[in-house]
Each structure stands twice: as structure tokens, then as C-alpha cells.
Amino acid sequence: MLNRFMQSRLQGLVVLTLILIILPAFLSNPFHYELATQIAILAATVVGLNLLVGFAGQISLGHAGFFGLGAYFSGIATGTYGWPSVPALVAGAIIVGIIAWIVGRPILRLKGHYLSMATLAVGFIIAIILNNERAITGGPDGMPVPAFEVFGWELSPFGTYSLFGLEISGVQAWYMFSSVILLLAVWFALNLIQSPIGRALRSVKGSEVAASVVGVDTAKYKSLVFVISAIYASLMGGLYAHFQGFITPAIASFEFSILFITMVVLGGMGSTFGVILGAVVLKLLPQVLADFQDLEHVMFGLILMLTMIFMPKGLLPTLTAAVSKRIRKKTGGEA
Amino acid sequence: MLKTMIRRAGKCAVIAAAGLMMMSAQAAEPIKIGSFLSVTGPASFLGDPELKTLEMYVEKINEEGGVLGRQLELIHYDDVGNASSARNFASRLIRSDRVDIIVGGSTTGATMAAVPLIEQAQVPFISLAGAVVITTPVKKWVFKTPQSDRMAAERILTDMKDRGITRIGLISGTGGFGSSGRTQTLEVAEQMGMEILADVTYSGSDTDMTAQLTNIRNTKGVEAVLNFGFGQGPAIVTRNYAQLGMELPFYQSHGVASDSFLELAGSSAEGLRLPASPLLVPDSLPDDDPQKEVVQNYKAEYESRWDSKVSTFGAYAYDGLMLAVRAIEEAGSTDPEAVRNALENIKGYVGVTGEFNMSPEDHNGLDADSFRILEVQNGEWKLIN
Amino acid sequence: MLAEFLQYLFTGVTIGATYALIALGFTLIYNASHVINFAQGEFLMIGGMATVSLTAMGVPMVIAIVLAITLAGVLGIALQRFAIAPAKQADVVTLIIITIGASIFIRGIAQLVWGKEYHVMQNFSSDEPIRVFGAVLNSQSLWVLGIGAVVVVALVLFFTKTLIGKAILATSMNKEAARLVGIRTQMVLMLAFMVSALLGSVAGIVVAPITFTSYDIGIILGLKGFVAAAIGGLGSGVGAVVGGLALGIVEAMAAGYISSDYKDAVAFSMILLVLFFMPRGLFGAKVVERV
């Protein structure tokens, strides 16, 4: 399964690119573009988280903390101190990477639920700081974030731009931008998985003891992937802040961390394209269920439970397994 | 995938809309009033009565023939107290549902997250949240119905000063309401030459505030205690205050101005004061008070329809909806620019919260006098001034 | 000085005892099935809310409490039978997500049935607080501590003296071996969930007079219970009790002496510190990893 997935690495990217190109034909108003853009940014975040959860087998219940830190770093650096967006993003990612490395070393010695507990604590501490430091972060009521800009050229969801002579709206421009980011995020993740680092990580997931016996420095690789996934979260948090134009500490909250991990598990742990599907489903579901009013939460809980009970491997792996089984049956029948 | 899901959602909306149309049997297209409220989640204290109020008065207005001969259609979403979903739902209201006006935004965070979008899309928006930043500085398309937390702080501190109190212990919630109220209190106190000697906080989910209150009790020189917060937190603070046997004058904010607070706090609430709209004491208003009738009616109608107590927050939604209706009537159409201009020029609208006098410089239109100081006596609210 | 310290201690011990009861529920389920049950807080909510709504309907308090605890127990069994058991092949994290789904579902139902308001429950005995060396103790705190102690003793007896208790212990140690000696492990797992739900609902009922109760009270208290269980060492009964009390006391002391803004951050830093020096919590068993 995993091998076949590796071989189809390029195929997967091509399919994703095609979907992203065709999708606008089905988006009928700016609100749909906004949703699609948010989904792309969140999907890129969980592609990073999946490296940690799906491939290294380490569960993080505090990832929104890194996402929130990145968002607030971008917001404060560009809004309060007038930095340009890209240096702010990069500086934020470096700082978050260092923080992740510092807390990661001791935390990642922990196993199973203790690791989850420690990441949860780190996430909570970050959220509490963002909430309390009113003078810097604006406190619980949040803070505005300026539009994303590169070399004086501003990318605002409210602007209009021309591309090859075609006039496009700000949200369409953001959609294209975030699509490219998502493709880059996926491309990087797929390459990492196939590299020697990726192989070492998978051995950690299989059995950490066995991996260390054959000479894999498990601690080093775990820290490395923890830092990489935190950097993913930080960069995407920064972009999300620029796109939304306003952030509150809720984006660093425990609920948001749970949402991220649910996207990974629901979509399919260890499947890069699966977790993207997870992000799509979990972002759209509340919009669809909003029409059910009082029943919204009941239905959301029920759907989450049933999906996980009947598809414990996640949506995409289960679906692909079902499809390939059917194909095999068909070809078997003809033979 | 996206398409089918959105289409399915659209279908539901269409069915709901069709149902409304059939009921009204009116040819004219309905006027769409959009709303995003924190109906569930930590701010459901605000969103729940707000939604109930909007639903019942939209119904009532429709029974009475609607506005400009057209029926009203309420489209509302639950933002669960999350600013990010508030912004998304605001976008959905504007771009997918194409509403004519938005009355909503239970919390300051939710409101402020939606403001940039609303300003850009140029849709009239009446916020139901309190913080002073919403309408100061004035934003072209944004109005609000609650008094600001700054006014509340001014009203409370003035009342303290009248009683000769100048040194205060402050306890506040770490949520948006308490945190913004705390900031305003600190500023107003400085202006009025009053001292905040103790400044402690509790988070919305805390279940015991004895430690924080002990801290205040042990601070020398404190002459009165003020609690800024909403939800169940202030009720726990009130009970802990009584248990600790603290006897300094005790003030709460308008965040707990409802009868359900009295139920929660019980006899511990005895003697505390807070600023509130006259909603809690409709019968003790003098007969010549212009607000008396409005307030009495709202209270009676709400309580008979929902079998639960009125709260100040529902009243914000009442005033928001009535201001919207009045502006649309005066504009004679739902043209956004015309409705906005009409809103900005509303004078002398007597609502449940107070008398609104909007102007291009003031998109709230209330003054601090619209707050009355109430005191709990024998388990009931008493009007002090 | 002493009065101040005592006051913080009373506050901390009371809330800590609640955390301990919830942590015991986590521990029980974790021992029997290695599942971290994020719906644990909902049992607490069911206990409080059902009692309040039944008494409001005119049912006498004692009967209301018995009915509420029974309801929670039935819910515990249902959770195991219909949500956990069918997914036995699932990953640990998948099971966590299932319990999160279950908690959202239960909370949604509770909100539909009971509404969103907060409710008051009367103190079990006098409303008059007790004064000790200048500090004040809510009489309900004594109920929380007393019932907490009774529950802990009952649990110890249950696991050491009764056949069912021993069966649960045996299953938690080695499921296959337990099955071989004739223990119906599925039944045992359901029992573990039921007992855990009973514990949660008892905690929810005894603290309701202090904290009020509402449909969403379980979210944060459940989480704190998990934290307490992890500090103590997952799977350790003593650890759950010590972890719960420690967490409660640290929170109260931090609020009083350090900063009320950062009291939760202090508590979470304490967890990191404990885990840093004791990677399996205070009383966690040293488990040899099988390769």
C-alpha cells in the first residue's frame, strides 16, 4: 500500500493540481472561493502535521499553538511594526521552529498519551499567553492583520487584479496563491517521506526500539519532524492571518488543535492526500450542517463517531481500498 | 465534492425559503435580514436570547403585514462564539444569501472579525456587542445597539464616587467581555482620579474564585469591589464573596443584568449594585418615562413566548431589529446606501435599551444615562437612580 | 498569613477532589481498555443536569440522584457497546476521536433536552460556611471530600474483594489470558465503562452546588480530569487521586500567590515539569515495551 503510494507520488500531485484547476468552474460566488482558500491553507497545515502523526506516529494535541504563534507573529510584525509580510512569515517560522525544537527534545522522549498530554500543555500555555498579553495581542477580542504584500504589491481578498489580461477578484487571486502553496506543501512532504529521513521516521513508527537497535537516532529524527511540522503550522498560520484580516486567540485553542488532529485521523493517517480530504470534509461539514440549527452539534458528533467506527483507517485509505477491491473483483471475474 | 455539498446546503435553504413564501402567500420578494450569533458555546448567554428575540419579532412583524408590504426573512447562523466562523458566516450572508442588512455579532471578537468584510461589501450592519472599539472610530457601515463597556465603567465609578468610594478592588473574566471591561475600567478610574488597588482575573470555565477574592480581601485600603464579566462566572464570584463574609460594597457589570443571575447567585446577591437598562424594573419606572411601555411590552411578550426570563442581551437584538426596520421604512427601499443613511439619521427612537439618537459622528446613539443603577434588595432588582 | 494559605488550600483541595474523581474514571477505562475517554466529562454533566431537572420536576432529591447516576451508568455501557466495541481494530488516536465525537453528540442531545442555561443545585446541608483559623470552608466542600473518600475506599474494596473487580483487573493486565481463564472480557469492558460513568456522575452531582451545572460543564472539567490522570500516571488509582489534588492545589495557590491570569499556565507548566522528570507521571507503572 505504502509502496504503491510512493510510486504514484507524481500521479497524486498531478491529480491534485487538476482538481485545483478545475474546481473554480464549480465555485459560484466569492464566499466559495474564501472557503476553498481556507481549506487549502488548513490542508497544508495538516499535511505537515501528518508527517508527525502519520509517519512518525507521534500524536500532537497542541498543534494549534504553533499555528496561532505563526499567525500572531505575522500579525504583530506586519501590523504593529510595519514589517513586510514575507520576512515576517520567515522570521515567525524560524522562531516557532526554535521553540518547537526546545520543547520538542524533552517532550518527545515521552510515549503515547504522555506525549499527547505534553503537547496539549504546550498548546494551552501558548493560547493563555496570547489571550493575556493584551498590550501586544489585543487580548481575547483579537487584532486586525494587514493584507499580505510582496515588494509593495498587495494581495488583498478585497482587491482586483489582472492576470494575463484577465480581470480576477482578490479572493480568486488568493485561491490561486493558496493552491500553489498547498501543492508546494504536498510536494515537499512527499519528497521528505521518500528521503532517508522519511525511511528513518517510518522505522520509528514501526518500532522505536528496533529502530534504535539498528542504529537510527530516533530522538534526532523525531525532533526534526516535530520542528518541520511546527514550521508548516507557523507558515500557514501567518498566511491564514493575512487572509482573514483579523485573528483572535481562538486559533491557538485546544478546540482548534483537536480539529487539526481530527482532520488527519478522519482523512487517513499517513496518507498525504487523505488528510487533505479530511480538511475538506471538516471545513465544509459545519457549513452544510448550519442549516439544521439545533441539531447541528448532534449530527456533527454522530457523523464523526460513525465515520471513525466504520472507517477506522480514515476516509481516503478506506475508499481506495474499496475501489481497488472492486476493480480486482471485476478483472478477476473477466479472467 | 464542494459543489454537491454546497448545492445540498443550498437546496435546504431553498426549501426553507419556499416554505416561508408559501406561508406568506405574498408575491413581493422578502426582505432578507441576516444574522450571525453565538447561539451555542461560551457566549450562548448572549446569542441565545438574541436569536429568540429576532425570531419572535420577525414572526410578529410578518403577521402584521411586514415592512414596505414585503415579508421579512431571517437567515441566521451560529458562530459558536468563534470569531473566525463569525467572519465566514458574515461572508456567506453577504455573498451567498445576499442579505439586505445584518443584525448580529454577539461578541466583540465576532463583530470585529466581520467588520473589514462588511465595510468592503457595503452592507448595513448593526452589531449587538459592547466594546467601545466597534463604533469608535466611526465605521461607515457599522452601528451598534448596546451601550459601550466604557459607559458601564463610567456609570459604576460615578456611583461609587457619589458614595465616597475612591479605592477599588477589580476582579474580571479573561473572556472578551471581562477583558475589555477591565481595560475601560482602568482608563476611566485614572481619569476620575480613582485607584485600582487590586486587579485579579478568572477564566470563564473556573469553578471557584475564592482565591482571587481572598487576594482582594487582603489588599489594604480597598473600599469596594467591582466584577466585570458575564456568564456563570460572576454568579460564582458573588457566592464566594458572600461565603468569605466580605462586606465591602459590591458592584457587577451589565453583563449579568438578568433575572437568571439572581436565581444563580441567590441570597448572596443581596445588596450588590449594577448598571442596566430599565428592562429588569419596568414597573418601577415613572409613568411619564417614555421607555416604560416599550420595556413592559418586550418583557411580557418575550416571557410569554419563550417561558424564560428576559435578559439585557435579548433587548439589544430587539433594538437592532427595530432600528433596521425603521431605517428600511424611512429609506423606502432596501438600497444599502439609502438604508445606511436612514440609520445614521435616526433620532429619538425609544428602545428597550435606551433612546437612540444616531448621527454621522455617533453610530451607537446612546448616552451613559441610559444605564440605570439597580440594587438587589430582598432578592429583587430595585431602581436606585 | 496562615488564614490566607488555608483559604487557598481549602479551595484547591475541594476542586482537586473533583478532578480526582474524574481522573479515577479515566484511569478505570484506561486500565481496562487502554482507551482515553474524552467523553468522561459528559458523565459528570449528565449527573448534575439530570439531578437538577428531575428535582425541578418534583422528584425527591435522593431518588433524583439515584436516577441520574443510573442514567449515566446506562450511557457508559451504551458508549462501550455501540461506539468503542465495534471499533476494536482501530488505532489509539482513532478511539480518541470516537470518544470526542461521542462527547459532542451527548452534549448536543443534552442541549436539546435541557437547554443552555446554567442551573443551581442546593447545598446538601447548611448554606452556612464553616470558619477555621480565619479561613472559610463551604460546607459542600466537606461533602465533596467525604464522598470522594467513600468512593475511593469503595473502589479499593471492589477491586480487591469482589469477583467482578478482580475480573476487571485481570482483563486490564492481560486480555487474552483473562479470556482463557473464562472471563467474558467484553462484559468486563462494559462494566468498566459503567463504573467509570458512575464515578463521573457522582462527581458531577456533589460539585454542582459549588460550580452550578449546565450542558457544557463537562468540557473543561473532563479535560482537567485527564490532566490530573496524566500527572498521577495513567492507570494508577493512587496517581489519579494525588494528581487531582495536586492540580487543584497548584491552581489555587497560583491564583492566590502568583498571578490569576496565569494560574492555568502555571498548572500546565507543572505537568511539563513532572513529565520531564518522571516520563510516566508520579505513579505510572514502568512498562517494558515488547518488541
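Per-chain residue numbering starts at 1, and chain names A, B and C are given in the order in which the chains are listed.
In this text, contacts are C-beta pairs under 8 Å (C-beta built on N, C-alpha and C of every residue); 3 or more make two chains touch, one makes a residue touch a chain.
Treat the numbers as computed from the prediction; the structure is a model and nothing was measured.
A.B. asks: Is the number of contacting C-beta pairs greater for A-B or for A-C?
C.D. replies: Taking the two pairs in turn, the one with more contacts turns out to be A-C.
A.B. asks: Counting only C-alpha atoms to place each centre, which chain is farthest from chain C?
C.D. replies: B
A.B. asks: How big is the gap, in whole Å, between where the Cα atoms of chain A centre and where those of chain B centre?
C.D. replies: Distance between chain centres: 36 Å.
A.B. asks: For chain A versus chain C, what separation do you get between their C-alpha means, in angstrom?
C.D. replies: Roughly 32 Å, centre to centre.
A.B. asks: Of all residues in chain A, which are in touch with two or more distinct other chains?
C.D. replies: 132, 296-297
A.B. asks: Residues of chain C touching 2+ other chains?
C.D. replies: 111, 261, 264
A.B. asks: Could you say which residues in chain B touch two or more other chains, in rising order?
C.D. replies: 40, 174
A.B. asks: State the interface residues of chain C toward chain B in the complex, per the touch definition above.
C.D. replies: Those in contact with chain B are residues 4, 7-8, 10-12, 14-15, 18, 111, 115-118, 120, 127, 129, 136, 138, 207, 210-212, 214, 216, 219-221, 252-253, 255-256, 260-261, 264.
A.B. asks: Tell me, which parts of chain A touch chain B in their complex?
C.D. replies: 23, 26-27, 29-32, 34-36, 38, 131-132, 134, 139-142, 144, 158, 244-248, 250-251, 280, 284, 286-288, 290-291, 293, 296-297
A.B. asks: Given the complex with chain A, which residues does chain B contribute to the contact?
C.D. replies: 1-3, 5-6, 8-9, 12-13, 16, 40, 77-78, 82-85, 87-89, 91-92, 94-96, 107-109, 112-113, 115-117, 120, 131, 133, 174-176, 179-180, 183
A.B. asks: Touching chain A in the complex: which residues of chain C?
C.D. replies: 30, 36, 83, 86-87, 89-94, 97-98, 100-109, 111-112, 223, 226-227, 230, 234, 261-262, 264-265, 268-269, 271-272, 275-276, 279-281, 284, 289, 291
A.B. asks: Under the definition above, what is the set of chain A residues touching chain C in their complex?
C.D. replies: By the definition above, chain A touches chain C via 53, 59, 103, 106-107, 109-114, 116-118, 120-122, 124-125, 128-129, 132, 207-210, 254, 258, 261-262, 265-266, 269, 294-305, 308-310, 312.
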